[in-house]
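Here the chain labels run A, B and C in written order, and each chain numbers its own residues starting at 1.
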């Protein structure tokens, strides 16, 4: 059998597995593009969790009650954990965490653009948990069925933990809308600022999405950007109503025929603008990450040196 | 000294007494002791475990997927190893 | 419970709450700034333990005060001069060595104090101590290992760890001071006589420092005052940040 025949046979077997809804596991043969595509998506997801710690970390030391402080701290800690699960899944594809972090810090890898928006008030902690985590969950629930085993298992684990994130966010909003007029205004302001960026989290329209088609074919992605976004719009509408807040989308209207809400158009110019580095926090987020990483270098070096000494002592004793 | 000074460990957790340890993911640490502690903080934040194993990823010897056919298929033709192979007389239930 | 014992117990619970909330705040400053992700997660757990501890101690202080105040009133509505945490807790985050050396000093202290407090005749304090002991044993495992690794790691880490030991040492003496309030409680089997803990503390600390190739400083330098609200300038900034949102919207529920 020629190499070419061999390859197409492997590719055929790979596609058969995908079609049969079998998971692809780390040591399976897989097309190089599938591997690259996965690394791109999983690492972007991991980086988003890690960078996502910053806007909320920004309010950790200012949380207005001890209960909220404890909840927020455990939520941010979960995000670090989720980042770690995802790095761990990416590493099964033959790339190291150091390489992944380097790609993040050099700007080569992306993270969710939503985290380039600043967290300005306590209500933003509510809006982020409710809307940003809410949008993320819609996506993640769908990704539990992704074709790559370690990614799928990571998603299942993450989804189990993440529902608390959205609820705690909504709970913050509930307390605010039931509080003083200033608190309610704070909640409305946070909703206004985070609603549209949350919709943008699902990515460009399917017709514009560069990676979508292949990802769908390979079942890395299971539902399209627009379908997922619609789910989120539908579920969020009644949640906003229950809070008694004004919906930021003035064009939102129930469409009986479709069984979905019709909504106003997203400001794609803003989306591109923030992705291209002009958000309030693009530079700050990366600089923060790089600074922490660099300040930790001597600690990691110390670990290595200590470990080397231990090994040396062991072999001496032996 | 490089960052890869930290080693990769695989983590296995027994979620409940009476169950097997199950692979849950991996983490980086300096040695086994630290890996155990980090596994506790990373993978059992919600009391998911009663026992943890950590194993250096480099110490795991895995079967090759390429050999899968030779490795596992030979057992496909031994249906007599499964209980369902045997048909019981109607008079005999539950065996 | 007689009135003076009750008042003393309330103050004692408040102090222990102050210690916990200030240290928890300092540790939480590490979130998203750890040397690697695993450590970020692990250290956040320690911060969570301290925030939890603060809530228990303040909750008990509020219960004893019985004047409508809540745990949050204790945390958010008191000023520098009313806070009675040990100075060691409020020292800045510093570098990673500084935080871990501080943690070691405190972890060993609590590993001696809590097993005594478990025997308190005050059931609530005893119950809080029983829960906290388990946390603190784990904290000590971490801080001990870190100090060993940093002390006996690279030249730089050794230097940083020694610098941390030297610059924090002066704040450790007041851990073992007792004022009238604490004496009264110790005499009545409610509080812990911390003067009795220093010898064991010093022995334990010295053993670890020496294993970490670090030296124990001379005792000449000692700074005191946390328990009477005579703080370093650091605390004001901690409280400014911590209390800002809460105080900006008086009387609100969150």
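One rule holds in what follows: contacts are C-beta pairs under 8 Å (C-beta built on N, C-alpha and C of every residue); 3 or more make two chains touch, one makes a residue touch a chain.
Please read these numbers as outputs of a predicted model, since none were measured by experiment.
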Go through A-B and A-C and name the pair with more C-beta contacts between its chains. A-C
By mean C-alpha position, what chain is farthest away from chain A? C
Suppose every chain is reduced to the average of its Cα atoms; which one is closest to the average of all protein Cα atoms? A
Would you mind pulling out the distance in Å between where the CA atoms of chain B average out and where those of chain C do? 41
Rounded to the nearest whole Å, what is the centre-to-centre distance of chain A and chain B, using the mean of the C-alpha atoms as each centre? 27
How big is the gap, in whole Å, between where the Cα atoms of chain A centre and where those of chain C centre? 35
Which chain C residues sit where two or more other chains touch them? 36-39, 41, 45, 149, 154
Residues touching two or more other chains, restricted to chain A: which are they? 74, 77, 81, 84, 297, 300-301, 303, 305-306
Return the residues of chain B touching two or more other chains; collapse runs of consecutive numbers into ranges. 1, 6, 27-28, 30, 42, 45
Parts of chain A lying in touch with chain C, wherever the complex brings them together: 50, 53-54, 57, 60-70, 73-74, 76-77, 80-81, 83-84, 87, 122, 172, 175-176, 178-180, 182-183, 288, 291-292, 295-303, 305-306, 309
Quick check on the complex: what are the chain B residues that touch chain A? 1-6, 8, 24-28, 30-31, 42, 45-46, 62, 64-66
For the complex, which residues does chain C have touching chain A? 21, 25, 28-29, 31-41, 44-45, 47-48, 51-52, 54-55, 58, 71-72, 75-76, 95-96, 148-150, 152-154, 156-157, 160, 241-242, 244-246, 249, 251-254
If we count contacts the way the header does, which residues on chain B are in touch with chain C in the complex? 1, 6, 27-30, 33-34, 37-38, 41-42, 45
Taking the complex as given, what residues does chain A use to touch chain B? 25, 27-29, 74, 77-78, 81, 84-85, 88-89, 91, 96-98, 154, 157, 161, 297, 300-301, 303-307, 310
